[in-house]
Amino acid sequence: MLFLARMDVVFPESMDAATKADFQVREKEYSGNLQQQGIMKGIWRVVGEYANYSIFDVDGHDELHEILSGFPMFAYMNVKVTPLAKHPNATTDDFFGA
Amino acid sequence: MLFLARMDVVFPESMDAATKADFQVREKEYSGNLQQQGIMKGIWRVVGEYANYSIFDVDGHDELHEILSGFPMFAYMNVKVTPLAKHPNATTDDFFGA
Amino acid sequence: MLFLARMDVVFPESMDAATKADFQVREKEYSGNLQQQGIMKGIWRVVGEYANYSIFDVDGHDELHEILSGFPMFAYMNVKVTPLAKHPNATTDDFFGA
Amino acid sequence: MLFLARMDVVFPESMDAATKADFQVREKEYSGNLQQQGIMKGIWRVVGEYANYSIFDVDGHDELHEILSGFPMFAYMNVKVTPLAKHPNATTDDFFGA
Amino acid sequence: MLFLARMDVVFPESMDAATKADFQVREKEYSGNLQQQGIMKGIWRVVGEYANYSIFDVDGHDELHEILSGFPMFAYMNVKVTPLAKHPNATTDDFFGA
Amino acid sequence: MLFLARMDVVFPESMDAATKADFQVREKEYSGNLQQQGIMKGIWRVVGEYANYSIFDVDGHDELHEILSGFPMFAYMNVKVTPLAKHPNATTDDFFGA
Amino acid sequence: MLFLARMDVVFPESMDAATKADFQVREKEYSGNLQQQGIMKGIWRVVGEYANYSIFDVDGHDELHEILSGFPMFAYMNVKVTPLAKHPNATTDDFFGA
Amino acid sequence: MLFLARMDVVFPESMDAATKADFQVREKEYSGNLQQQGIMKGIWRVVGEYANYSIFDVDGHDELHEILSGFPMFAYMNVKVTPLAKHPNATTDDFFGA
Amino acid sequence: MLFLARMDVVFPESMDAATKADFQVREKEYSGNLQQQGIMKGIWRVVGEYANYSIFDVDGHDELHEILSGFPMFAYMNVKVTPLAKHPNATTDDFFGA
Amino acid sequence: MLFLARMDVVFPESMDAATKADFQVREKEYSGNLQQQGIMKGIWRVVGEYANYSIFDVDGHDELHEILSGFPMFAYMNVKVTPLAKHPNATTDDFFGA
């Protein structure tokens, strides 16, 4: 079951560069794990913004919320989730390939 | 080069069911061709809405506008396009894989 | 898996009263069936508006979109869907109870 | 008399983790009491957000405002309340069961 | 129990002047009755707009929705309702006097 | 001449409880005086929000601005003012009675 | 007492050019009269839009609403009114001179 | 060449009263000079808000930006500028008199 | 003096294809003339939308409004105009070069 | 391939004047380099705002994001990017000249 998420990151003014860098390292590891597990099907940078669009494949809402709220930078993110269904014009059930 | 598009369809009140059905047949064929050419990397229905999110891989803006404005139902669509770049946390250059 | 939906109905200017009444009869039957099947867990009128909030319990997005787009008045509705997860402060897994 | 509420929590940058945790404990107890009294008929997490939708059954506006402003985290919440009436298509007067 | 309502009227392009005038006569009668019953505590024109703010005193949401949806021009209105509670700085329980 | 005002209060993060309490005492006194003078015809709490709707009867804009900017908490308020005129369906010139 | 008004004109699709021209003639006369009476202190075109900003000097809200709703094209206008007070930095009580 | 400007002032939480007062003194002097030079044709307080509408008569965009960014409080202002043209219904080329 | 304009075109439902095509021919000629005169410094299609961004170099607001309202399709356009000044980081006074 | 960008700068309250000035010097150098390389085709100040519109000519999204996120003040900017295509009414392929 797919969800499109848009995540915007806003760090507080008081956060120093080392803390930001540490967050980014942990975020990258967390995100990489989700991709390896096939949960995060894709992630792309919104050009010009500290934001991403990503697509998640999960079994349910509790699982998705646990995943999203587990992001190391979750407290500094605005997340908007859109549920996606199969489109009648899709030529495949899985655009993310085997 | 990837773009996320959101397309919302609004048919005019006066359009009869046969015309709508004909548009949908042509739309499906057009969309299928784009998928076969590897231009439309994915298309999903927004749950509960006459709308889709889709991802396009094109070489430039003129090509993308030509493709989008070529949709049979383009005159009845509101389209919003977001340019996507590689995300630093992505583990692959191509989520739509071979 | 629960979803909150808000549905706003806008009938076109040209629709006559008999057609509206017919839509409402069919809508009521469709809605009643969803409630009897335990899919629509609740539906409430937004005070002062031709709109409702309703809660759906479904197994996936394709099922939910099929249900929503099957409403007799779907073409005249604006629907916004919000995925709901279990809240940590909830004292029960099922507020709609047995 | 039912109300749908959406509550979004925004903690200030300066609040430390222990204070947040303490707020959450008190919030859980307060929320649990409201559920046991049959005032809070349901509460759900908005997937991906520090927010909930909840449904309240109260006798009047003064009572509802007293309840909402009594939440331990009220000062950090944005609350929007929507009055709900019986929907003509509802098959029951009480979706939250006996 | 008080509610503030804002009602905006939008007549369809095709409605002729006689029909509008007839609606306005019936609206005035309906509105006058609500005032005489003490249900509509006040109604004011928003300067420069075909809109009003009004205050209703009702026993519950079903009653209020019945009243609002009973306005002769309801199909041409956008109505937004805000529940009002007693303000701690109010010097009286009833501003609309005896 | 009547105006509807909506006032939303946002205290800064750094303000301590005693300062807030002091503001609220002064605000109550200021508001009470306006009611006694017949300038503030009514004030109601927006349910679930640190906000009010109030109605002012003043002779002009300078007077109203002086009154509003004189609120002890004015620096922490967002105020939106709507001028109100007599509604053609009103059955009285003065809903706030003698 | 001054008010700033922004008026946006939207003519319905079905209105023919002669009717529009007739409206514009009547509007010009109406507007000219208001200027001669010193009620409309100024009117300017918003560049690129079928809209104006204008400033009115009236004694009260009923008078202003009567004036605005008397515009020949009022039914095709969206009007937003902002009450203006004397600014502490103004070097004159009357910018529109003698 | 006329421009309508709306300026909203938001002082930071940390600014003390003396600094605010000093800004206001300098602002008044700056604004007064602009009026004496015939550049600022008018300035009015938005009732209930720390905001103004003002009208500027300048020869070009560079001049206007220099003037606006020269306001002592510019760093604490949100400014929105609307270019104004002569209205076909205007009875004079200059509403601000001789 | 430069202005950025965004123009969105919305044709009415009833307009037939021949009329649209005729409008587009006239629009192209009009736009070409403005470019040849050095008034329209640039025009670009917003990808995926029936809209453009364009830049105008004019001597004043009356001239600009005359130009914009002279577009053959002006009645079907929403136009938003933004005045542009020289940027301190610009390395040239004229990006559109000789 | 062209993109229109709007960049709004918001410095944090705590940043001192020397730091701001240093940012502006580095920003000017960075921007100048982009112009010399023919990447930034133009940049203009939005009159009255700490914001610019600029046009970029790049080969792809990754390049553009790298450029934008490389601005010294990027962390204090809100950037919105709009992809531009050739307009059918354009009389040239390159408005920025040789």
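When the chains are written out, they are named A, B, C, D, E, F, G, H, I and J in that same order, and each has its own residue count from 1.
Note that in this section a residue touches a chain if its C-beta (ideal position, glycine included) is under 8 Å from a C-beta of that chain, and two chains touch if they have at least 3 such contacts.
Note that the structure is a prediction, hence the values are computed from the model and not measured.
S.K.: Shared numbers divided by all numbers used: is that above or below half for chain F and chain G, i.e. same or different?
M.R.: Same, since most residue numbers here occur in both copies.
S.K.: If I compare contact pairs by residue number, which of F-G, A-J or A-C overlaps with C-E on over half of them?
M.R.: It is A-J that repeats the C-E interface.
S.K.: Can you compute the centre-to-centre distance for chain C and chain J, using the mean CA position of each chain? Integer Å is fine.
M.R.: Centre separation, chain C to chain J: 46 Å.
S.K.: Report the inter-chain centroid distance for chain H and chain J in whole angstrom, where each centroid is the mean of the CA atoms.
M.R.: 27
S.K.: So the centre of each chain is just the mean of its C-alpha atoms; given that, what is the distance between chain C and chain H in Å?
M.R.: 50
S.K.: Roughly how far is chain C from chain F, centre to centre by C-alpha average, rounded to an integer in Å?
M.R.: 39
S.K.: Identify all positions of chain A at which a residue touches two or more other chains, and write them in rising order.
M.R.: 2-3, 13, 45, 47, 61, 64-65, 81, 83-86
S.K.: Using the contact rule from the top, write out all pairs of chains that touch.
M.R.: Inter-chain contacts occur between A-B, A-C, A-D, A-J, B-C, B-I, B-J, C-D, C-E, D-E, D-F, E-F, E-G, F-G, F-H, G-H, G-I, H-I, H-J, I-J.
S.K.: Could you list, by residue number, the parts of chain E that touch chain F in their complex?
M.R.: 2, 4, 24, 27-28, 31-32, 35-36, 41-47, 52-54, 82-92, 95-98
S.K.: Under the definition above, what is the set of chain J residues touching chain H in their complex?
M.R.: 13, 45, 47-49
S.K.: Okay, in this complex, where on chain H does chain J touch?
M.R.: So the residues of chain H touching chain J come out as 3, 5, 12-14, 61, 64-65, 68-69, 78-81.
S.K.: Looking at the complex, which residues from chain J come into contact with chain B?
M.R.: 1-3, 60-62, 64-65, 81, 83-86
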